[in-house]
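Next up: some structures, all given as structure tokens.
Two complexes come next, and they have one chain in common, chain A, joined by chain B in the first and chain C in the second.
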Partner chain A sequence: MRIVRQAVLLLRSELRQELRDFELLLSAGFFTLVLLAMFYLSFASLPVKHSLPAVPAMLWLTIAFVGVLTLTRAFDREREADTLRALLAAPIERLAIYLAKAALCLMVLMLCCLVLVPGLWLMFPAGSAFADQPGQTALLVLLGCGGYVAIGTLFAAGLATGAGKNTLLFIILYPLTTPILMYALATTRALLDHHPDLPSFLGQMAALDLILVALAALLFETVLVGAGPNLSRKPAREGRPVRR
Partner chain B sequence: MRKILPDLCLLAAMPLLVYSVHRVFLETPIERQMGTAFKIFFFHVPMGWLCMLMAVICGIAAGVELRRRSALASAVALAAAEMGFITGLGVLLTGPIWGSATWGTPWTGDARQVTTALLWLVIVAYLLLRHYGPRSSDRLAAALAIFGAVNVPIIYYAVKLWKTTHPSTGVVASLPPEMWASFWPGLIALALCSLGLFGLRTRQLVLADELDAAWVRVEDNH
Partner chain C sequence: MSDAPVAALKAVAQRFGRQVVLRGVDLELPAGSIVGLVGANGAGKTTLFSILAGLLQPDAGERHLFGAPADEVDVAARARLAYVAHAPQLYAGLSARENLALFADLRRAAGLATRPTDEVLTELGLPAAAFDRPVATHSRGMAQRVALARALAGRPDLLLLDEPFTALDARGREQLAQVLLGERARGAAILLSSHDFDALLEICDRVVLLERGALERSAAHAGDRAAFRRSAAAIWHAPAGTRQAASGVSSAPDL
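Right after this comes the complex of A and B.
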């Protein structure tokens, strides 16, 4: 309960900061629109039977790209002001920091999906199933984005504590999030096909999300601050290359 | 004894590897349905198993590294990832050749192919992070290795969980005796070779670490 209260407090602070300049939301929303326009210009002439497998790919590729932008920007703010160290030194649970950051990124991604999903529905006839099943579409997008953000927050936070090199997030995140994105892709295809097993697909995605959130929450503190003093390894001097 | 164990593994692997190649190509009968292409099986399957083994070793060592911040565990994880990279590359190269000859296409996109490719990508990401990441990224890389190890049971059970074109997990047990007799020397030779190289690389990484620490001590004394 204490963790939830702290996470809510931190999330409120994040939202207050975001509401001052809308930087995260505007940059992610604009990027979503740009990607949507690019997909429309590239695939508008596709016949319906070909756009059926293309629409899920467009949806999840956009989320993958916008997700990295969101995660990078969310932690860049901390890096610029060196506030992540302050947060880690504060008397709060580290898990609350993880939950607050993950919730913020999830909210931004969900707001981007408010543009993305209706956009795909309007631009491609194959996307009409999104309008036919709004509840299931919302659940699908929430579960897909949730799994993505669960892993992404862990690694974005880990890179934010280092000096520079946050471009490595692209290298780490895409191989790791591919399983959840593939699952989301298959589930979206089932939704567009009005497949009777859709609830089962959604259940499996929810289970995968739970595993990812649990694993990321378990590793968050260790990844960010380590497990204890390093007695066995002395730091190399500056100017001397560290052998690998 | 511990120090020369990797060298002994490599020494034992050499004649066994020659014997295995001789046995597979000259003494094993050609499979009726798949023809000569089936001989890839004798190298593809052991490399797949070794890739998964290395990913598990890397994940466990990374877990120990995170828990105890041990330099030895860090070296073991890196050496295992490097061997996992090589054996994974072997699997991903031999698989499509075999698939092209038997299925008519090098890549069917079935669950085991995709999950193996993903594991290999995670190993590559781990190595990139270890080599080019900032100094604090070792912990991050360790977390990545743990996620990679979680992928291993998914690869193993992929053929049971989803409909795939891949042979099932019991294919090795169902081999006829003459093929069975050719499979084991190859598996043991490749395993000895991998473990020998893994041991040598771990030792080299530990020595490099000790050399760095000695250098810092000398600088501190001056």
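Right after this comes the complex of A and C.
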């Protein structure tokens, strides 16, 4: 299990650096609090029947915004010092790099959700179902954030290695994460409604997460280094003979 | 030891969009040799290093590593090579020890041996007081020593050093030169680039000139360091396009 061991080592290093400067946690946490405050000021007076459909939107809108903020900064340390290339040239499974980064982003999002979910419950009576079903709520948030991070880390890494700009992440990420966010919205509504099919909704989200993680894991190396088939055994057509 | 070179490129070409960066490059790096790569800024040296290190897939041509074709540079191949880019590529928030320990632990997780962190840092001349300071507080020269130490910790068979003398003081250059000669004696193949031509000539067995993406003639050291210097200087100082006719230049067989 070399990949797992290396992913754990990389994650431990990421956490060590994060705990020294709190760069990701501070920006994501503060943004979460600002959004919560804005939602409260705007929607606190809504009657329960109107806030019921609004709570899932507030939850996943916040996660979408905080997620993209986290993902754009997740590779900042590598971008600043170009350390990603040092990792890529080392005998490290590239999948381990992906897993470590995705786990870091997921941890940051889950910590934000520790503020966000109780906040929505306290501010909006419709959110009381979060407290009634803490296990399902935790699973819902984990699956929703997991799918978002799975695909987001792939593109954040691609933009960190190339000349891509972080602004591109917003353009690429939102359309690609729409399916998982839509699923999460529907599942959250089912949870708030105490829908009997909630386990089925959660199961479908888990399946979607598995597909996204598998897809990202397959594409990660190609995104970082380039496709293997480019390397041809044929001499370069564009090349000119080297002088002898 | 096998006669096959540790690393070889055959007719390798690379372009980025419309810009052709490498054109049909042939290069061999035998075991126990130091090859100096010289060329002006933008000649394609870093692209060449990136292809050898597996950070870039060439558009065309063949890459051989450790005697076998390397369509992709897998973990087994990366375990035997080390690449130091012209930037140190260190985590600024981690200390020198932590940076090295991270990569050493990652190697160990892959079942690979690594030298003790302090030993290799000391060998490169990093003061002990700087071992536990964040790299962000290091001078550029100190960070360069840490980057070099990270590369040497795994006792690589292939060392790719893109401007390794950058920011090193005179003592640091001397220490690095001694370390590289030791690595060569151990059997490692070393490719290094530098704009410090004199420093290259002190330790290289051969220098090759990369110009506008193509390898020009090379000068090889054949026992007489003074003659080697004259040959290499003839390549370096000849006007572009006339280097083929430079007097005293010996052509390496792979070019």
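Please note the rule applied: the second predicted complex is superposed on the first by the 226 of 244 C-alpha atoms of A that agree within 3 Å, B and C clash if a C-alpha of one lies under 4 Å from a C-alpha of the other, contacts with A are read in each partner's own complex, and residues count from 1 in each chain.
Following the convention adopted for this analysis, contacts are C-beta pairs under 8 Å (C-beta built on N, C-alpha and C of every residue); 3 or more make two chains touch, one makes a residue touch a chain.
Model, not experiment: these values are computed from the prediction.
In the superposition on chain A, A:196 makes contact with neither chain B nor chain C. In the superposition on chain A, contact of A:20 is made with chain C only, not with chain B. Contacts of A:88 after superposition: chain C is touched, whereas chain B is not reached.
In the superposition on chain A, A:47 makes contact with neither chain B nor chain C. When the two complexes are overlaid on their common chain A, residue A:171 makes contact with chain B while staying clear of chain C. When the two complexes are overlaid on their common chain A, residue A:135 makes contact with neither chain B nor chain C.
Under the contact criterion defined above, the residues of chain A that touch both chain B in one complex and chain C in the other are 226-228, 230-237, 240, 242-244. Partner chain B is touched in their complex by these residues of chain A: 151, 154-155, 158-159, 161-165, 168, 171-172, 174-176, 178-179, 182, 215, 219, 222-224, 226-237, 240, 242-244.
Interface residues of chain A facing chain C in the complex, by the touch rule stated above, are 2, 5-6, 9-10, 13, 16-17, 20-21, 77, 80-83, 85-86, 88-93, 225-228, 230-244. Across the interface of their complex, chain A is touched by residues 66-72, 74, 78, 114-115, 118, 121-122, 124-125, 128-137, 139-140, 142-144, 146-147, 150-151, 154, 205, 208-209, 211-213, 215-217, 219 of chain B. Chain C meets chain A in the complex at residues 10-13, 15, 20, 22-26, 53-63, 69, 71-72, 75-76, 78-79, 81-83, 85, 87-94, 98, 102-103, 105-107, 109-112, 150, 154, 214-217, 244, 251, 255.
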